[in-house]
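I'd like to ask you about the structure that follows.
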Amino acid sequence: MRTGLFLGRFQPFHNGHLEVIREIAGKVDKLVIGIGSAQDSHTLEDPFTAGERHLMISETLDELGIQNYFLIPIVDINRYSVWVSHVRSLVPPFQVIFTNNDLTARLFSEAGTEVIRPKLYSREVYSGRKVRGVILKGGEWRSLVPAGTARVIEAVDGVKRLRELAGDAE
Amino acid sequence: MRTGLFLGRFQPFHNGHLEVIREIAGKVDKLVIGIGSAQDSHTLEDPFTAGERHLMISETLDELGIQNYFLIPIVDINRYSVWVSHVRSLVPPFQVIFTNNDLTARLFSEAGTEVIRPKLYSREVYSGRKVRGVILKGGEWRSLVPAGTARVIEAVDGVKRLRELAGDAE
Amino acid sequence: MRTGLFLGRFQPFHNGHLEVIREIAGKVDKLVIGIGSAQDSHTLEDPFTAGERHLMISETLDELGIQNYFLIPIVDINRYSVWVSHVRSLVPPFQVIFTNNDLTARLFSEAGTEVIRPKLYSREVYSGRKVRGVILKGGEWRSLVPAGTARVIEAVDGVKRLRELAGDAE
Amino acid sequence: MRTGLFLGRFQPFHNGHLEVIREIAGKVDKLVIGIGSAQDSHTLEDPFTAGERHLMISETLDELGIQNYFLIPIVDINRYSVWVSHVRSLVPPFQVIFTNNDLTARLFSEAGTEVIRPKLYSREVYSGRKVRGVILKGGEWRSLVPAGTARVIEAVDGVKRLRELAGDAE
Amino acid sequence: MRTGLFLGRFQPFHNGHLEVIREIAGKVDKLVIGIGSAQDSHTLEDPFTAGERHLMISETLDELGIQNYFLIPIVDINRYSVWVSHVRSLVPPFQVIFTNNDLTARLFSEAGTEVIRPKLYSREVYSGRKVRGVILKGGEWRSLVPAGTARVIEAVDGVKRLRELAGDAE
Amino acid sequence: MRTGLFLGRFQPFHNGHLEVIREIAGKVDKLVIGIGSAQDSHTLEDPFTAGERHLMISETLDELGIQNYFLIPIVDINRYSVWVSHVRSLVPPFQVIFTNNDLTARLFSEAGTEVIRPKLYSREVYSGRKVRGVILKGGEWRSLVPAGTARVIEAVDGVKRLRELAGDAE
């Protein structure tokens, strides 16, 4: 069995993430989706809890009929030198990591894991930072995220949460 | 949608755990299974990593056709006063917790979560401590755990790992 | 008995803080004053230790005859999702929190605590950042803080400490 | 002004502690009472939160008209080599520590703080461990603690909490 | 250049440790001696600071003319799954580890480091626990440790420290 | 015996550091060189592991025949109020600290350690930040560091590591 790992903070889970998962889920038997910085929430950079992000992803993938995945929150360890070991201990064994991040690629590659670079989605259109910015400015953010994400953001009153966080940041 | 939480260390996942999951999985739409002390491994009390325990459970439930579950590692926070909030932030929202542990029941109940006590399996026959003891003494441990657990223990050379840990404990 | 909570970093304790305490101390039987980021000191943002801040406040309130308060240092926990539980475990039970911070208001309100917004003092005149700035520039900072604060800053050579911290920041 | 420090875990605050405070409060202008292991609660060794212990002590001392004290929770740092600095940073400056613990005496004495050994109360009669034991066995624990402590234990349903913790310890 | 690693807590550094170092220092160009649990001190199990243990070893090896070593304190990380990465990040690159501990051997061997088992010294005669026991009972401990260790223990009043720790342990 | 302490992050070890060590190594019997922020690596500010930095320094000093030094990694503790105690517990006893940092000087001086300010090397020419900048821009960095540092940077492919870190920082 071949298992792959895909890491993200998913603040929030957007169409760019979904595009990648659609591409890579078919290349492995099981796809482990790691929710990074799982301990963070209620900040401008990381507004949503790991549980909320879990729901954004699982509701979306379930609706699409994608089933061969594990969703695993990964709390930070804040030391790159032990980070690969930390990730490996929390998730089931995997043989390949999908990433376009150079540092992640290097750290896992040095540690003996195969690295595959997924096709790049347009980062000008889709990025967590951009989506959060559009939400803050009252723009049309629903078109940037899957319906599952939009439902969770609404259920937790996420737009208001982000605006209050922006107010306090000053 | 009704979601329930079931917590355990699953060192290892044994037939008693499985019995409970079979009982409760039908009572909720989604069952969140939290793998506690996720950061621990390679000790006599906690020999297996969170990833290994994840695999024991998911392989077993998949074979049995149980599909309505999330598996989520939960690292310890070592302070009971914030533990309920910690768990809630890491997992999707749940309405009920299944537990026979009095303290867990009290902490979640005080925090406003419904508590259901599952039927008790025989703790003389099934308990993590007992299974580890049988493994250590070279007894017939395979009958105490699902086939999925047995396969994982064998794949990671778990019997030898436990014995080495016992040798070092002195 | 009705107990209220008022939180601040008090770096240093200034006339704006005092104004609020005078307003709210009469509204409750006991006022718990939480000294936030208690573990921090000797930085430009957080120059004074929790013990020094404790003394600034207690000396001031004692001179004014305000007696119905508890002063409690609160170390950071750096996770908003467990922060309310963390604060609650460290201080005596309280029924109301006084705050004009939107996030604090939201977190405690979601957790079932009544929130009262005290009248706003002028943040252009009084704020910790402003007071630290005036001290650094050699301005007339004594008029911005109660006499108790001024005495503590002088006793610990606080003006020199802040300037050295500014020098090192580069 | 002369300030003294008295440290304890106060699990719970009992008559032996009170005896010592009565003896030493008159020897200093201000007595800092440090509530140790402030982060712990809901265990057999440390059943009560720092907030609950705060209330046991403040209610008792207030009824007795003892006013010259500060009550300060002190979270553990788990390294003796930095413990004195840690305590010093959290509490107002003090010149003397009251303790009969040899290690505490040595650590503070090496760090230049005067150590005074209070008269010993009978540890066979009064000790946190003994009081917890009497509570667990259903004995007459009220005579071992001040009325303020008894009221807090009852208000938080402390007897039941201890028994549930004992049940789970197995 | 071939570098080897030798790990110990060295509480205190005794003749058994020295025997091993004499045996293995000649087998490598550089010997990295890792002082484990570096953050611990002033407990019965770990009475001496990392700095004190550093001195015990360096004074002894300098007197013996052993020069090809590095001495490196290693603070605990309390998670075996990341421990090898943690050690590797703190010390210069090494190709071989000398150990008779089965778990250490397994963890490093799985991570691709060559393991050499040094000849065993008599653990009945030499062990940290035994040396601490002899010190506590007032026995003849000086014959169990190198002169460098004895000098450091005397300089820091280590015998009295251990006895005070034993008194408090009750 | 007189021992001195010199602290730095050494990211990387450059000619300015070496100049200072040459000046001060002759003023003490033993020089303790503390490698600060030892836990950090693989970031733009802290690209090299403690082990790599250890090697940069030891190879350089060995070639120069400087032998009276200890090299000790010091992990951060992130609280200035306990930092001096933290450092003291990890390194052998020292009587003097060499530093031009005002805060370090103040903290150690308040704690009773003699402070000596070494002659200043030119910070416009030599600083860790500057060296990292020159490496990133593809400039002539080898002339800014000792040969020992250059060899280590090359051995670990450090130029490429820094560039990848810069790419990811965006």
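Read from first to last, the chains carry the letters A, B, C, D, E and F; within each, the first residue is number 1.
The working rule: a residue touches a chain if its C-beta (ideal position, glycine included) is under 8 Å from a C-beta of that chain, and two chains touch if they have at least 3 such contacts.
The structure displayed is predicted, hence computed values, not measured ones.
Shared contact partners of chain C and chain F comprise A, D. When the C-beta contacts at B-E and at C-D are tallied, the pair with the greater total is C-D. With centres defined as mean CA coordinates, chain D is found 37 Å away from chain B. Separating the centre of chain A from that of chain B, both taken as means of CA atoms, is a distance of 26 Å. Contact with two or more other chains is made by residues 39, 41, 49, 79, 81, 88-89 of chain E.
Taken pairwise by the contact criterion, the protein chains fit none of the simple patterns, being neither a path, a ring, a star nor fully connected.
Interchain contacts (touch definition given at top) occur between A-B, A-C, A-E, A-F, B-C, B-D, B-E, C-D, C-F, D-E, D-F, E-F.
Put simply, chain E touches chain F in their complex at residues 38-39, 41, 49-52, 54-55, 58, 70-73, 75, 88-93.
Residues of chain E that touch chain D in their complex: 39-43, 49, 161, 164-165, 167-168.
Residues 77, 79, 81-82, 84-86, 88-89 of chain F are the ones that touch chain D when the two sit in their complex. Interface of chain C with chain A (complex): residues 79-81, 101-103, 106-107.
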